[in-house]
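Given below, in the form of structure tokens, are the structures.
Two complexes follow with subunit A in common, the first pairing it with subunit B and the second with subunit C.
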Partner chain A sequence: MSDSLISLLTALGDDELILGHRHSEWTGFAPHIEEDVAFSSIAQDEIGHAAGYFGILGTLTGDDPDHIALGRAPEDYRNAVLCERANGEWAYTLARHWLYDTADDLRLEVLESSAHEELAQLATKMRREERYHLIHADAWIKRVAHGPVEGRTRLEGGLSRAFGEAIGLFEPFEREDDAIKEGWLPTASSELRRRFIDRASASLDELGLPTEVRAGVDEAAEFVASSSGDLIASGEEPPGQGTRSTGGGGRRGVHSDDFRQLWDDMTRTYREHPGATW
Partner chain B sequence: MTYEAKLGGFADHIAQGGKVEAEDWMPDDYRRGVLKFIEMHANSEIMGALPERECLPMAPTLRRKMSLAAKIQDEVGHAQLLYRVAEDLGKSRDAMYQDLVNGRSKFHNVFHYPVFHWGDVAIIGWLIDGAALVTQAALLDSSYAPYTRVLKRICSEEQLHLRHGEHITMELASGTQAQRDMFQDALNRWWLPIIHFFGPKSNVAKDLLLRWKVKTRTNEDLRQEFLDRYVPKVLELGFSFPTPVPTRAESGQWLIKDEDIDWDPLDAIKRNEGPETERRLTTRRDIYQGHRWVREVLAEPAVHAA
Partner chain C sequence: MSTVTIEEQVWKALAGVLDPEIPAVSVVDMGMIEKVEVRGATARVVVLPTFTGCPAVPVIREDVAAAVSRIEGIEEVEVQFSFNPPWTSDRITDEGRTKLRDFGLAPPTGAGPVLITSIALPVKASCPFCGSTDTHNENPFGPTPCRALYYCNACRNPFEQFKPV
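Let's turn to the complex of A and B:
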């Protein structure tokens, strides 16, 4: 079928798989017992969503969904860098959870009218589950933002770290222009990015969180094609330098060191036993 | 009524198969014994999440990743139920948690051991959960009624875990040589700890929990049921046992000779000196201490502002 559809599904599935993997690392580790149970459900949902995307992908490419999930080289994953970051502390996890699910809701909303019927149906089904993730994330963010100073300060730190990279969720994927023309993705990433920044900013203002948490967001930056044909973000600085970042790279297969460690763990059993059934 | 009269009435009630509720009068040693027992069960569920969570990142398929996460989630949920039952006996969850992370209370021996690969997931899900189910099913008739009510739910979920463990075992047993080797390797390491799990022979005269019918069967009785149920299945799959090797008696029972069991590793665990005791307790302590700020957030009433 369409290469642009494959590219879209890979980006979507990888975001869910990699974030679901990170979320699942909190299983048995969450701040308290009730949250451990709740967050594990969210992790399981995200991994289930990845299985949904990879299921459709498999019908296009003939690949087994588990092979798509666990059998690729690191540079073949197209998740946004935000999803792969090590969990760090709970405040960062909360900030990322909230930013991601806010972004995902906007993305799923447009995918519900994708020209690819199966993808549109999957988006509707997932959005029902994601609604609860968003309620969970919103409740936490509100509680912490209105709570004691230490928690609020930690949350601000988490948001400062995560917000810039959340923009990377809207880095255009390969052949996005074609995907828009075909109607697989009804709304361009650049427009979704604008909606995301507006919505997240409005929520943070409502919570009275300082605008500095958005300091890492370069709203003017555009993702442009470089001379090599790769999409790069204008004004993007090398990782670890400066605080302004578009969080890009992931959609081109450029990942952080955190991803390498995650990939090693995640694919280990699958890699070490080629051809085995589990 | 005098204390002796109350005690006599309580003893008669228990002897006749009567049940005890949290608000009923009970002798202090009954309360202490039941609390300690349930607290250890709760601790074991929450500590039991740790070895399996170490295997979760390496799950070999998406389906296994989800099902193992769901299983660990159940264990954490069991801890929550059990801590609540224990709390009603007069110790706060926070106090129990602090005793746990500071090494002042106990958790089951099997969770003091390391995990290395997916074969460990099979052993934990099948044989360790199988052993736990034998002991927990025997407690369904315990004299402490609130415990039996949560055990009913726990046991039904554990049945599902057992099937999950059985499926993983079957996949390994019918898989490649490397997969079979994984299971055998895990069995070699886990067999002795599983035998220890049931504990040494019960001292019926001295065991308060047996006398008060909190426990209804002896350690050796439960171990025997486990051996008779699982040893033939393991052998049928073509795997072999390390020491202590079970042998078949004329009666058909699968026996392990007491002199074949090395109890030193269990004694070390009782002193909190198991192979992974310190690392796992440190992990739990770090999680607990590192999230003090979260507890402070939750201690404040939720504000529904803006």
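Let's turn to the complex of A and C:
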């Protein structure tokens, strides 16, 4: 059908799959039993959503959705770097969860009117489910923001790290211009990024959280075509361990070291036991 | 003269297909069956999954196919899952709601289709054990994607609420 549609579905599915995998790592380890349940359930939703995107993708490419999820080389994944980062501490997890689900809501809202009917229907259904992720994330951010100073300080630390990385969710995917022209993605990533920064900033203000957590986010930064034709954020370094970045790279397969560890873990059974069923 | 059409037989068979995760209700009670079509010896059933990531979907596919293929005159069953329209919790029938309550699960609140902007957990759910609304939410998530956890302050039982979606 269309390479740009394949590219869009890959980015969307990979974001959900990889973040879903990270969330699932809290199963058995979350600081509170209710959060153990919550993150396990959110992980199940996200991975289910990835299966939805990969299901459509499979009808276009002829690939088995399981193979799309688990049978690709690390450099073939197109998730944003934000999604692959190690969970680290709880505050970072909450900050990422909140930023991601805020961004995802904006993205799904526009996908509801995608020219690809099946994608539009899937987005409509998923957005209703994702509502509960947002309710959960909003409740936690509010609770910690209005709570004792240590939690608040840690949350600010988590937000400072995650905010810049969240911008990478809006790095244009390959052939995005074509996807917009065809109507698969009705609104460009650059416009979605603007809406995201506005919405997240308004929430920070409302919660009395310092907007300085956005420091390092260059709102005007353009993801520009490099001489090799790759899309890169101007002046950006490849994502490294613990460095602060604009979170770009993921949409062209450039990932952090954290991704390698996740990929190794996530795909191990699939690689070591080809054709296994359970 | 009353004859039972083959479509009616399919609906009847579907009324016996239970939700694998909530075996007190059928896929018909849950409002998951969008369409039944019979052409010749082929039956086509369109099913709306309650949640996108519901792990029960493959089981439901098998159970629907098995139940419908037992009908005399049906040789082939096509089970198609669709998100058009999206399944919403107002599709659960009144009978389904009663069965959920008897099973110990508070049915979703709200009568009409739930607007995206108003999807939320009720502050006070109605306890399926004692009927009290002196309850509180403990977790917007639960043992399956479609359930939230509540606690009844009156009879001191934890219970689950089917999420309005």
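Keep this in mind: the second predicted complex is superposed on the first by the 266 of 278 C-alpha atoms of A that agree within 3 Å, B and C clash if a C-alpha of one lies under 4 Å from a C-alpha of the other, contacts with A are read in each partner's own complex, and residues count from 1 in each chain.
Going forward, a contact is a pair of C-beta atoms (placed from the backbone, for glycine too) under 8 Å apart; a residue touches a chain by one contact, two chains touch by 3 or more.
Everything numeric here is computed off the predicted structure, so don't read it as measured data.
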Three-chain arrangement built on subunit A, subunit B and subunit C clash or fit: fit
Touched partner set for A:Y270, first subunit B, second subunit C, both or neither: first
First (subunit B), second (subunit C), both or neither touched by A:I135: second
First (subunit B), second (subunit C), both or neither touched by A:A51: both
Which of subunit B and subunit C A:F29 touches, first, second, both or neither: first
First, second, both or neither for A:A202, with subunit B first and subunit C second: neither
Partner chain in contact with A:R127 - subunit B first, subunit C second, else both or neither: second
Subunit B versus subunit C as contact partner of A:A115, first or second or both or neither: neither
Broader residue contact with subunit A after superposition on the shared chain, subunit B or subunit C: B
Touched partner set for A:I42, first subunit B, second subunit C, both or neither: second
Where subunit B and subunit C come nearest after superposition, their Cα distance in Å: 5
Contact residues of subunit A, present in both the subunit B and the subunit C interface: 34, 37, 40-41, 44, 47-48, 51
Subunit A to subunit C touching residues, read off their complex: 34, 37-38, 40-42, 44-49, 51-52, 117-118, 121-122, 124-129, 131-132, 135-136, 139
Residues of subunit C touching subunit A in the complex: 51-55, 82-84, 86-88, 114, 116, 119-121, 138-145, 149, 163, 165
Complex interface listing, subunit B residues touching subunit A: 46, 49-50, 52-53, 56-66, 69-70, 72-73, 76-77, 79-80, 83, 117-118, 168, 171, 175-176, 178-179, 283, 287, 290-291, 293-298, 300, 302-303, 305-306
Parts of subunit A lying in touch with subunit B, wherever the complex brings them together: 17, 21, 24-25, 27-34, 36-37, 40-41, 43-44, 47-48, 50-51, 54, 65-66, 69-70, 89-90, 142-144, 146-148, 150-151, 154, 206-208, 262, 265-266, 268-270, 272-273, 275-278
